[in-house]
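Chain nomenclature is as follows: A, B, C and D, assigned in order of appearance, with residue numbering initiated at 1 for each chain independently.
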Amino acid sequence: MAPEERDVIPGRRRSRAVAPGDASGAVGLVVEDVVSGYRGAPSVVHDMSLSVAPGEVVAVLGRNGAGKTTLLSTISGVLRCRRGRVALGDEQLSGMPAPRIAAAGVAHVPEGRRVIPGMSVDDNLRLGGYSLRSRTVIEEQLRSVIGLFPMLEPWRRRVAGSLSGGEQQMLAIARGLMGKPRVVLLDEPLTGLAPILRAEVLGVVDAMRTAGHAILIVEQNAAETLPFADRVLVIHEGRITLSGSAAEMASSSAIQEEYLGLPIGRTAGEPCPTREESRRW
Amino acid sequence: MVSHIKWAGAAMVGAAALAAVGCGGSDKTSSASDAGSANAVKVAIVQPYSGDSAYYGEYADQAFKLAMEELGSTPGGHAITFVRGDSKCVPTAAVQAGNQVLAQSPVAVMAPACSGDTLALKPLLKARNVSACSINLHPEITEANGKIVRAAPSDAFTNELFAKYIADKGVKKIGILHDTSGYGQGNVDTLVSSLEKNGVKVAVNATYDFADTDYSGQIVKLKKAKVDAAYFEGYDLAAGNLVKQAKQLQLDVPYYANTNAGNDTAEKAAGKSLDGVLFATAFLADSSDATRKFTATWQQKFNQAPNSDSVDLYQCAVVILKAIEATGKNATGATVGEQMAKVSAPGVTVGTMAFDASGDLNDPPVLIGTWKDGKAVLVDRLSGAE
Amino acid sequence: MSTFIQAVVAGIAAGAVYGLLGAGFSLAYKTTGIINFAHGDIAMLGAYVTFSVFGWGAPLFVAALAGVVAGGLAGAVMERGVLRPLYKRPLVAGILATVGVSVVLQSVIQLVWGSLPLTLPSLASSTPWRIGSVAFSPAQAVLLAVTIIVSTALIFAVDRTRVGRGMRACAQDSGVVVLFGISPERLYLTAFAIAGMLAGLAGALITPTIGLTPSRGVSLSVLGFAAAVLGGLGSVTGAIVGGIAIAVLRNLASVYVSAGYADAVAYLAIVLVLLVRVRGLLGDDLETVRSV
Amino acid sequence: MPATGSSQRSEEAAAPAAAPLAEEHAARHARAARRGLATILGDRGVPGRQRPLLTRLIAVALLVQVVPGLVSGPNLLTLNLACVYAMAAIGLSIVFSLGGFVSVAQAAVMAVGGYILILLFGPTVGFPVALLLAGLGGALVSALTGIVGARVKSHYFILISLALAETIQLVITNATSVTGGANGVGLKAPASVLGLDLGLPTDYFRFITILTFVVIYLADSLRASRAGLALRAQTVDGYLALAAGVAIGRYRIMATAIGGVFAGLAGGMVAIRDGYLGPQNFGLDTSILLLLMVVIAGTGRAGSVVVSALILTFLSQGLLTLTSTGTLIYGMGLIVLIIFAPEGLGGLPRLARGALGRLGARRAGTASDDGGER
């Protein structure tokens, strides 16, 4: 499945800066008809299809329990695909164990940051580059990532658990970039952060886009995510119910409704207004 | 909290069940049935067959094998079946194993090589009216009209002579290290009382655990007490390790030791450190024609050198077989036991094995040995004819 | 005073081996959270293999290496075969499975080598040097030197290398590390293999002093476990310090208190340390945070 | 616990960090409470399912009447030992599944009971009194681990209990003048109670059976009690214990004490059974065997502990004697059992049904829905 014509917001066309994790091999993430869920439980994600091109930010909105985290976990291989496929360019990811998917270039920045609290910031970053193997490459990458996240510089020797929430979030993202990923999956990066910090995180996301990463960001906070995304998907009960360019979504009244919750009585099986459109993704 | 009603209920369960027992009455088990057919008899071997001391079980089996080859496998026309119990060198396991094998009514028992096991078995033997032959050195194994004969000298006897020997060497102040096994305690108790009788002061009497890996603390304690001689009690490996570590820590005094220091294992563990250590034992391979002959036979048959334990076990096997032979048709625990008490059989460490009223060897052998160039050699013979 | 110094010096030499045992314990625990009660038996297996290879005519040094390899293999096989299905189960299941492995190893040793005690010569002479009135032998020096070299290398590996970092991370959050390309399973295997090698080394080092008996492993496990806990589970440095502390404490207790109760004194000290400092001597903050 | 971590956060960061932390804490609490409740409700040991007293009485009476006629000789001796172990294991299961402690000191607690009985029981102190004191002694020693254990974490508790066990062993082997040291000590007088001569294996069986049933009853009652409910909930998640505060701590000590009573009684009954007591009987291996009985029983219910005690006692007595091959099989059996019966013996039927179900599904050609976490 070829990526569809992209709804790129004009003016956001970026120049390729040399940046950490330079995603020069221009391949995007492709998710096709994926069904997935937790072990021993019914499927949470149903027949989901989407794609993220390099240099593109796709935001996935949805309420708690809509299947956002499940989707990301399935892409990164923490959960197994029950049906469908996940691919990075020509490389089929579904079926691979999670560590190999990470090594193939998918960085998953999990919900709640999950920094290793008892280890130093440096060690946390080096862990992110685990799959690079070569010591010199890791050190080189460490330098360039710190360059992108200068706020981490003074904390490098400190134990990660002693950082503030915002710093930990930065660290988690930076750690994701250490492995020279092509795709970055961000799970609720804004949750629990003060407004200033949120802006800072989104600034980093913007920089990553500029560097050419394909970015899939999952959020509840639609208001702040929307302006930064190129495209937006809304999921509900494991299915994509709405999708479109960020610009049209921002103005859509449906997004407000979706964000606040579907009216009672409408089940996922019923055609949503934008169902036709959602199929494309 | 559990309510009072619950506890009351539980008490009721108990009471009611007891009542049920009372109604039923109790049927007593019939004890010690007859020995079975006149021709087939059972001999029990209660030995450690598993765990660290399992080699004693192996020795016991070998001892019977050799003895039966030499004396015939059907003494007095009785086919012998062996019933084995694993005493593990653990007294309570010995009780358990003893209970289980004695339930099969053997006519004689080869008592476990670990003193504690045999001590624990004593009441069972009495209750079942079966006699055992023991190789234990603990003084309390035998008693007047007891059910045990001992094919080895008691430590009480050995240590009385050994203590005098030590005193005669000019030792005034001695330090003792021993393990907490039943044998170790018995050995050292007799030695201490004899030493004190002979005017030797026991400055330190410290213990170590069977499972210990390091004895340096205890040895330093001896150094601190400035003793002019040391006595080390220990099973094979420990006997050697103690001497080696003491030498390493430069405890520069004459060493004395128990019989196990004369075993090959001790020599392997300690090597040259054992040279000059004086130990009291009943058996030295190179002390008489009988021991030389036995050593050669055992070595050839089982491809290992015999030690004082294997010799004593062999002697016990001989005693048991001879007693069964002498019993005639009606072999039971009682009759075989009678014959064991008055047996007179050729021994290895003594010319003739015969027992006194309490079951101890007449004229038991006490030799002083030492190691020289990897060989245990006789230094002195304190008792027992060749 | 010289008595005191002698007790301490001898304790340090003996404790070095406990420290090595404890380090293996700690390493395995750090990565997997499992307490390996077969650790001492793996040490004995290493010692027995050393004995056999030495018996075939190999130099003692080479034989000891064979023992180390055997220990590593045993650790790896145990991780693959027994522990892998148990990581998601309660703590006690893993521990009891290692007890099962301990029983198996003991009986295998008894079947292969018999129960008769065996002995192994020391790596160096045990004729002591005399420094003042304190005796210290080349054998003890070798033991101490090997411990220092191995533990330094180990500490470096855990602190500074990629795999070491992975192990530490895995111990703290085995769920998230897969996202970095770390395979916890492979790390568990590595950890147990290294722990097994440490055990094999400890076995080869300690048997010249204590000899070989099949069930000796249990007391080695207990010593190693105590060393690891006292030092703070998960800390390699802590385990070495803990091992030495226990041996010195035991020696001092048997000289100045009572030989029979030396172990009890050592245990009492450990309990007191744990009550004052829940994480052990050198355990990291994580230990106080971790719930099992 | 997060609380520790938060205290180390830098001052300037405290404000933004505190909110999610509190949130996370609350969420964990809620999860813990849900899970705790689920376990309790899903547990089959709830009071409603307990067999009525009358059924139990009839069962005891039947056992006591019938078994001595069927079983004799060594088997009866082993059966008696199994009952003793069952009592101690039920005690340990209280310490383990209610207290949440992994203890390797249970055999040592038995030793305390055993030695109290064998040293006190004689012409001046009667058997029932000596046995009661044995239980009391066990309770005191076991409670000691509970008091200390309440302050340390689980892995460390294993060492605490190990330290206690080894110390008790040392006292027994070194206090030779009192305990007889490694040689052990014999029973001074034959024991009899309510017309039962406990020197006879048959009468011993009758008594120990009754005693075991009393222990089962008490253990199940404790589990069903309010304290038991709270304790079970706290073993599922420590946060509950944190929330309930002091009360749980006191309950946990109580659980160790009650576990100790049963072990003390069992120790006393060992002394009566063998007429002899030695320190080797209460070593680490016995403690581990008891722990295995508890874990293999799976559920915390006393009844299943008895079953696993019976199985393991006969297995260990049968396999651990005479050959190292037997030991090898025993060890392998343990490993297999632990790996393949995650819920213990109680889970075996379900496991079998599951296996059959999967087999059936495969035959039918339907792919099982096995996706999930790796």
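Throughout what follows, contacts are C-beta pairs under 8 Å (C-beta built on N, C-alpha and C of every residue); 3 or more make two chains touch, one makes a residue touch a chain.
Owing to the predicted nature of the structure, the values given are computational and were not obtained by experimental measurement.
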item: Starting at subunit A, fewest touch steps before arriving at subunit B; value: 2
item: B-C against A-C, pair bridged by the larger set of C-beta contacts; value: B-C
item: Centroid-based (C-alpha) most distant chain relative to subunit C; value: A
item: Rounded Å distance, subunit A centre to subunit D centre (Cα mean); value: 49
item: Subunit B-subunit C separation of Cα centroids, rounded to whole Å; value: 35
item: Intercentroid distance (Cα basis), subunit C paired with subunit A, Å; value: 44
item: Gap in Å, rounded to a whole number, between the CA centres of subunit D and subunit C; value: 29
item: Junction residues of subunit A, two or more chains touched; value: 77-78, 97-98, 117, 159, 161
item: Interface hub residues of subunit B, defined as touching at least two other chains; value: 50, 54, 180, 207, 209
item: Subunit C residues counted as touching two or more neighbouring chains; value: 110, 115, 218, 260, 263, 285, 289
item: Subunit C residues touching subunit A - in the complex, by the definition given at the top; value: 162, 165-166, 168-169, 172-173, 175-183, 284-286, 289
item: Residue numbers on subunit B that touch subunit C, as the complex places them; value: 50-55, 58, 177, 180, 206-209, 211-214, 216-221, 223-224, 236-237, 240-241, 244-245, 247-250, 265, 268-269, 271, 273, 304
item: For the subunit D and subunit C complex, residues of the former touching the latter; value: 1, 4-5, 8, 96, 102, 148, 151-156, 158-160, 162-163, 166-167, 170-171, 173-174, 238, 284, 288, 291-292, 295, 324-325, 327-328, 330-332, 334-335, 338-339, 342
item: Touching residues on subunit C, where the partner in the complex is subunit D; value: 29, 35, 82, 85-86, 89, 91-93, 95-97, 99-104, 106-108, 110-111, 115, 218, 222, 225-226, 229, 233, 258, 260-261, 263-264, 267-268, 270-271, 274-275, 278, 280, 285, 287-292
item: Residue ranges of subunit C touching subunit B (in the complex, touch as defined); value: 3, 6-7, 10-11, 13-14, 110, 114-119, 121, 126-128, 130, 135, 137, 139-140, 206, 209-211, 213-216, 218-220, 223, 247, 250-255, 259-260, 262-263
